[in-house]
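Next up: the structures, one after another.
After this come two complexes, each holding chain A, first together with chain B and then together with chain C.
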Partner chain A sequence: MNSLRLFFVGGLISYRALFGWLSPWILIPTFLFAPLFQIFLFVYIGRTAGVSDDRFFLIGNAVVNAAVPCLFAMGNTIGGERNAGTLPLLIASPAKRVPLFLGRALPVILNGFLVAVFALVVGALLLRVDLPPATWGGIAVAIAACSISCTGLGLLGAAVALRVRETAVMSNIVLGTLIVFAGVNVPVGAMPGWMQGVAQWLPMTHGIHATHDLAAGRSLGSVSGALLTELLLGAFYATLGLALLRWLEWESRARATLDTA
Partner chain B sequence: MLRLVGVAWWLQVKMRSRSAFDGLLSLLWPGFFATTIFMMFRQGDASGPALLSAAVGSSAMGIWSAVSTTSAFALQMERRQGTLELLVLAPQPFALLLVPLTLSMATIGAYSMVATLLWGRIAFGIEISIADPVAFVLAVVVTVFAIGMLGMLIAISSIRYRSAWAVGSALEMPVWLICGFLVAINDLPAWVRPLSAVLAPTWGVAAMRSAATGHSPWANLGWCLLTAASYGVIAVLVSRWMVHSARANATLALS
Partner chain C sequence: MVRVAEPVIQVDELVRTFHTRRGLFRRSGKEVEAVRGVSFTVERGELFGLLGPNGAGKTTTIKMLITLLLPTAGRARVLGHDVVKDAHDVRGKVGYVFGGDRGLYERLSGLDNLRYFAELYGVPARESKQRVGELLELVGLVGREKERVEGYSRGMRQRLHIARGLLHRPEVLFLDEPSIGIDPVGARELRATVKNLVDAGTTVLLTTHYMFEADELCDRIAVIAQGRIVAQGTPADLKQQVTTGTVIEIEIFGLPDGVLEKVRAEPDVQSVVVDVQGQAQVLTVHAQPGADVLQAVMAHLEGSRFGRVITREPTLEDAYIELVNAA
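Entry: the complex of A and B
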């Protein structure tokens, strides 16, 4: 019961306390305005370069924007505590670490999902891209899978934040890597072999590919393999993140470096 | 005045070069976009002038990247460091004191421009043959100055807002798009074009592209300088109003 309370109530309080993004001054430009302009930018570049169609860039850039809250908010899970001076209290608390950090991931997953859905819906309306209503359910499932897997990667970022002070810079670098490698603007099949190899191990790659297939009219069942891979990758990164958190937490205590990263 | 700008610019460049992590991001962030864009143009079988034009536009993106978010956040940082009051009290126009601040950001962005051009040459084999190298370098210098001035206007306009960094960050891609860094202005909707025309980077990037492809860059450079100068005039007026308001309401440190 205590773990459940920690998971749900602790996660929500942490989300509300640590992320000033709930302010409209941040929420609107970061989650509504920027994703739309990323879509427009790449749609127009795609037209100039003479590649793909608007729908390809709309889907890739809308879905990858789920990564913004997933990566930055999870990085803030540690970085924000440090800035607020509450990191030692968090680490000293007897709370179980798995519900503590996974609970913090839950609102972030929802946030990422909503950002991507907003970008996709409004982007489709403004660009007059047709996404048949029959595909909406499947696309929502694919976006949810991407948000979950990216939050797993974000949890790994949160662990690294015990050693790195500039969590926003780190999250930007990870986001940029996803934009290049995850098939957002260039199909993975059109990339050099080594890039395809990297892409297979990144969150978003399989989810974006599945979203393209679903938008093209394929059934949810036919992309279940890709979505499962996406979720497994998320679980892999989340497990790695929790293990790294445990180890770095221990090392921070041993070396007294918790607040000096 | 020139000494003030020169010394403060150099001091700011040194301060901004201290963080290896920030320096890495200023190279990598526009590099990610440039890489994607090079791959897209390569996928579209672009070659020759089209690829060179894309390389020039991509390389200039880094200059704006280095300015957009940081300039919006610049005065908030001064406030946090407790130096905003000193800047306001200095016996020089407040707007003038911000010129070296944002100019240093654009200068750091110029590093990423060089890095992106080298990246395009080495990783993608893009032939960087600049038709008029002297005019190109001049166009880069003027563009850096103009983007610095635009950054100054953003910095002053956002002095009252604690979350200005988010607005600055959200301006990054719109400016890349509507200033024709990679997309011809004529390909954008007609209602966007007047907006492009009042933004100095539009003219700066057009001048760079003209110099690179052997066309005359001078008219574009003239417009770039004119728009940049107009930002200076607006910034002086806005700063007087903002500073007066902050003094009158005692909100300089509290915004």
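Entry: the complex of A and C
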């Protein structure tokens, strides 16, 4: 019961406590305007260059924006504690680490999902891209899978924050990597072989591919393999993150880096 | 068969060394021995003081006891649990409060801070609301609990820290300079709260720089300097260890040149300290045990304008200064 409360209630409170973007002045430009600007930029580049159609750029750039909260808010799970001076209290608490940190992931996943859905819906309306209502449910599932997998990677970033003070730089690099490698603006199949190899191990790649297929009219069942791969990648990164958290927590007690990393 | 109760805190030859490295390419290392073989015990229900100057190793010792730092050598047990092997058991039974502004979630209200820490410490949901209410009452934050912590004064933050540390009814409470930065009224209330906790059976380990606070509160005290314990005992024991005799405090307006040297040269004078307080200077003269130096000192000050002249017995502060200086 305590673990469940820590997962749900604790996760929500800590999200409010640590995510400094929860101010309208930051939230609206970052989560609502910036994704639309990114979509417009690439759609118009695509139109000018005469490559692919608007829908391709709309989907890739809308879905990848789920990664912004998933990477940054999750990375701030430890960094924010350090800034607030609460990290020693967190580490000295008897709270079970798995529900503690996975609970922190839950609001982040929802945040990422909503950002991507907003960008997709508003982008489609403004650019007059046709997304048939029959595809909406499947696309929502694919976006949720992308948000989950990206948050898994964010948890790995949170663990690194036990060793490195500044995680926003790292999150920016990861976000850039996703934009380049995950099939956001260039289909994975058109990339060199080594890039395709990297893309297979990144969150978003399989989810974005599935979203394209769903928008083209394919059924949810037909993309279930891609979505399962997306979720498994998320689970893989989350497991790696939890293991790294455990090890670095021990190391920080040995090296006295909780206050000084 | 008589069963001897195990001390609540048992520290044996605890050592903590910090390694620091500097430079990107030609890295140079440095070792700092913050704690060098500290040993002490704290019995159940006792209020034990750990006194020492900045950098003496007090906070490092506490951090090892609450499992935030691993000892380099030695061992420590809290409530029978080894702080290295049984860290999880220790964490659930101890509370930790430190002084200063940080360590709270600024964007949350005081109430939400307590709710969150109640979750971290596994306070059952049915108890949590009542417990948080009790503690807000105890620390005098009722009516302000829904305000964001970023608007709290230092005293309010400190009181919230104390409420946080007590949420899970810890058997042992570590207070690391809890009264730092609090106004006199707040500090007095804090001392009363700590006394009540000890009366209710909580074992407390306190570090403080305020000697009167330690004198008033502590059953026993350990003085730590340069990572080693240099004296241990009740406040009365420590005062008796002082080699100084009577202390004379003279408030004087315009100390003549050369007088200080003459007073220091008196055979029965052990030490002299001058402290400027507003327009006056306060001359504190420590005499050798059994000696009366008042007349000799006053003779050197003839012609000067005096304020108050006080003769008193050595205090815990005198004992502390002597012990630390001798370390």
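Going forward, the second predicted complex is superposed on the first by the 261 of 261 C-alpha atoms of A that agree within 3 Å, B and C clash if a C-alpha of one lies under 4 Å from a C-alpha of the other, contacts with A are read in each partner's own complex, and residues count from 1 in each chain.
In this section, a residue touches a chain if its C-beta (ideal position, glycine included) is under 8 Å from a C-beta of that chain, and two chains touch if they have at least 3 such contacts.
Not measured: the values here are computed from a predicted model.
**Q** Between chain B and chain C, whom does A:Ile13 touch in the aligned arrangement: first, second, both, or neither?
**A** After superposing on A, A:Ile13 lies in contact with chain C but is clear of chain B.
**Q** So, does A:Arg246 touch the first partner chain B, the second partner chain C, both, or neither?
**A** After superposing on A, A:Arg246 lies clear of both chain B and chain C.
**Q** Between chain B (first) and chain C (second), which, if any, makes contact with A:Phe33: first, second, both or neither?
**A** First partner only, chain B.
**Q** Considering only the touch criterion stated at the top, classify A:Leu41 as touching first (chain B), second (chain C), both, or neither.
**A** The first partner, chain B, only.
**Q** Once the structures are superposed on A, label A:Ala190 by its partner contacts, choosing first (chain B), second (chain C), both or neither.
**A** The first partner, chain B, only.
**Q** Please indicate which partner A:Arg163 is in contact with in the superposed arrangement: first for chain B, second for chain C, both, or neither.
**A** It touches nothing on chain B or chain C.
**Q** Quick one: is A:Ala254 in contact with chain B, with chain C, with both, or with neither? Answer first, second, both or neither.
**A** second
**Q** What part of chain A is shared between its chain B contacts and its chain C contacts?
**A** Of chain A, residues 20 contact chain B in one complex and chain C in the other.
**Q** Please name which positions on chain A make contact with chain B in the complex.
**A** 20, 23, 25-26, 29-30, 33-34, 37-38, 40-42, 44-51, 164, 166, 169, 172-173, 176-177, 179-180, 184-186, 190-191
**Q** Considering only the defined contacts, which chain A positions touch chain C in the complex?
**A** Its residues touching chain C are 1-2, 5-6, 9-10, 13-14, 16-18, 20, 22, 84-86, 88-95, 100, 253-256, 258.
**Q** Can you name the residues of chain C that touch chain A in the complex?
**A** 18-19, 63, 66-70, 88, 91-92, 96, 100, 102-108, 112, 115-117, 119-122, 124-125, 164
**Q** List the residues on chain B that touch chain A in their complex, please.
**A** Chain B reaches chain A through residues 19, 21-22, 24-25, 28-29, 31-33, 35-37, 39-41, 43-46, 54, 161-163, 166-167, 169-170, 172-174, 176-177, 182-184, 187-188.
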